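Next, two complexes with chain A in common: one pairs it with chain B, the other with chain C.
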Partner chain A sequence: MASNPMDQFKVEPIFQGPKIGPFDLTFTNASLWMVITVAAVILFMAMTMRGKLIPGRLQSMGELSYEFIADMLKETTGPEAVKWFPYVFTIFFFILFANLIGMNPYAFTTTSHIAVTAALAVFTILAVVIAGIWKNGLKWFKIFAPAGLPLIMYPVIIPIEIISFVSRPVTLAVRLFANMTAGHVMLKLFAIFIAYLVGKGAATGVAAIVPILGTIGIVALEFLVAALQAFVFAILTCVYLNDVYHVDHH
Partner chain B sequence: MSDEKRTSQPTQSSSDLDDLERRLETARNRHKEPEADGDNGGTLLGMAWRLSTELVVAVLVGAGLGYGLDHLFGTRPWLLLVGLGFGFAAGIMSVFRVAGKMDAENAHIPIGEDMPDTNDDEMD
Partner chain C sequence: MAEEKLSAGDAAAAAGGMPQFDFTTFASQITWLIITFGILYFVLSTMILPKIGNTISNRHNRIADDLDTASRMQREAEEAEIAYERVLADAKAKAHNVAESTRASINEEIEREIAAADAEAAAQALKSEAKITDIRREALSNIDAIAKDAASDIVKKFIGKAPTAAQLNKILGG
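Right after this comes the complex of A and B.
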């Protein structure tokens, strides 16, 4: 095992790919674990899709996950937004599975890289911008200028609204990446500390019980965070989709 | 009623479904309390994370936009400072907006300990 807590985030090529323009198509361990994540989601869905009138355990999991996302969309965005279901469902389950798979020893946590989370966040915000302009035309830009303010306020409020819109993808990306990275660094540090104490001798070896208990607590917390961050990402995607449908009352 | 249910259970799926519905209902009622509790802890952590990142990132984005515009117009420190101010304002505004929405969502949950019954009724 590596003794540097940041070593677990190293991206290493598995086999060299061609370079097309600025794009390097090398297949790395990050790519491998993303493929594994997608395969796991597909496997999960395939296993839960045997439709029976009275569902078994697996089918119930599939139905619950469908209802969970569908209700989230209907409640936060509105019934007209249900056509976004496939997107939100995919985002949620990709992040959830990536986070949970990353909790396994020796696995690589793809969501601990801001390149991955930023790409997901950019997809979400581009979807909002493109669908918003598609649906409302140029009137969509009214979300930056809320109606009913005195004229003098607009030079102040428009930059503020633009900044708060631009920070949306940044918050999405940073929150997920920071949570995953911080959690995994913390886990690694505690684990290294255990090894260090045990290696020093019998007296300090007994004291290692403290970081062992700490590690157990952090593992539990990290499982909560893994699910929670997937949920937060998905529900914020729904909240931001509001701007596609409700341009006037912001 | 219960008679009819028993006789038709093996053949007719519709009363089978009714039976399942009833059993689900009782199971749901039994598990209601702890579920709601656990949910709350998770969403509180989520809210905390959301509010804090919202504030910090808005300031950074404001400063970043100001810095970029400074580069564009050659007005070195000034737009960065303006952007920092606007970013801070944007951060406060989004925090207030999010917190207001959270308050509205939670408004129907009574906090006092003397009205658990009405709470249960409202949850349905």
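Right after this comes the complex of A and C.
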């Protein structure tokens, strides 16, 4: 076992792939766990779509997931944003399953990598920008200039609004990456500490009960964080999609 | 080429840096994220989510239909109950009428009988009264005769000679 707490994040190629322009098809352990995540989500949702009038347990889970995301989008963004439902659903379940699968021993947590979280954040922000301009034309840029302010305020407000807009993908990406990385590093450190105490002899081996209990607590906390961060990412996606539909209310 | 870069990244990570900031792996990660995320989006948006949405809206429609049917049936039941109550009230009224008229006719008959019995009793009483008057008159006239006899006997005892009828009548004011 690796004893460096950062080794769990190492990306190693499984087989080399061609590079096409900026894209690199090299299949790594990160790619493998992304494929596993997507397969798990599809398997889970496919099992739940039985279409029965009176749902069983699995079908209820699928329908509850559907209504959970649908209600979140409706309440946060509004009923006109319904065409974004599959996107928000995909974001939520991709992140949720990636986080939860990453909690398994020996699994690789794809969402603990800034490249992945930043790409997901860029998907969301690009969607907001492109859909916003598509729908509102150049009027969309009014989101940077809130209405009803004295003219003299605009030179100050507009740069602040632009900075706050640009920091959205950064915070989205860093929040998820930092949460997942910190949790896994902490778990690894506790585990290394347990192994160290046990290896030192009987007396310290008994003392290892303390970090073992700590590890159990952190595992529980990390499951909470795994679900919570998926939720935060999804609901912030909904909040940012507001800017597509409510340019004047900004 | 890619292998060289990736192994260089491994070296950087082994040297103590965070593998997350090994930029040589970014292209591969992002490429595979786009592929896998795209597949997931495609499968969810075209196959799975519409089916689940249909199921849910079918159920909502079905529930709404069922509720409509239930409320219609309830209305019908209420109407039937009202009709039933009306029929019941009619029947009760009719039964009451029958009972009333029966009671009235019975009362009438009883009164008629009582009146007849009263009349008969009154006739009987009159007849009896006449009879009693006769008897009393007879008895009174007998009492006169007995008194005269008794008086003549008493006189006879005192004076040894019976008075004559004229004398008796004169004395007794008969």
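The rule is short, and it goes like this: the second predicted complex is superposed on the first by the 247 of 250 C-alpha atoms of A that agree within 3 Å, B and C clash if a C-alpha of one lies under 4 Å from a C-alpha of the other, contacts with A are read in each partner's own complex, and residues count from 1 in each chain.
Basically, a residue touches a chain if its C-beta (ideal position, glycine included) is under 8 Å from a C-beta of that chain, and two chains touch if they have at least 3 such contacts.
These numbers were taken from a predicted model, which means no experiment stands behind them.
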When the two structures are superposed on chain A, do chain B and chain C clash or fit side by side? fit
Give one of first, second, both or neither to describe whether A:179 is in contact with chain B, with chain C, with both, or with none. first
Could you say whether A:5 touches chain B, chain C, both of them, or neither, answering first, second, both or neither? neither
Should A:89 be classified as contacting the first partner (chain B), the second (chain C), both, or neither? second
With the C-alpha centre of chain A at the apex, what angle separates the C-alpha centres of chain B and chain C, reported to the nearest 10°? 40
Taking the superposition on A as described, I'd like to know which of chain B and chain C A:53 touches: first, second, both or neither. both
Touching A:166 in the superposition: chain B (first), chain C (second), both, neither? first
Please determine whether it is chain B or chain C that touches the greater number of chain A residues. C
Pick one for A:30: touches chain B only (first), chain C only (second), both, or neither. second
After the two structures are laid over each other on chain A, how near do the C-alpha atoms of chain B and chain C get, in Å? 5
Contact residues common to both interfaces of chain A (with chain B and with chain C): 53
Per the touch rule, the chain C residues reaching chain A in their complex are 1-3, 6, 9-10, 13, 16-22, 25-34, 36-37, 39-41, 43-45, 48-49, 51-56, 58-59, 62
Would you mind writing out the residues of chain A in touch with chain C in their complex? 6-7, 9-13, 16-17, 19, 22-28, 30-31, 34-35, 37-38, 41-42, 45-46, 48-49, 51-53, 55, 59, 62-63, 66-67, 85-87, 89-90, 93-94, 110, 112-116, 119-120, 123, 177, 181
Complex contact set, residues of chain B against chain A: 13, 16-17, 20, 42, 45-46, 49-50, 53-54, 57-58, 60-62, 65, 83, 86-87, 89-91, 93-94
Going by the contact rule at the top, pick out the chain A residues touching chain B in the complex. 53-54, 156, 159-161, 163-164, 166-167, 170-171, 174-175, 178-179, 224-225, 227-229, 231-232, 236
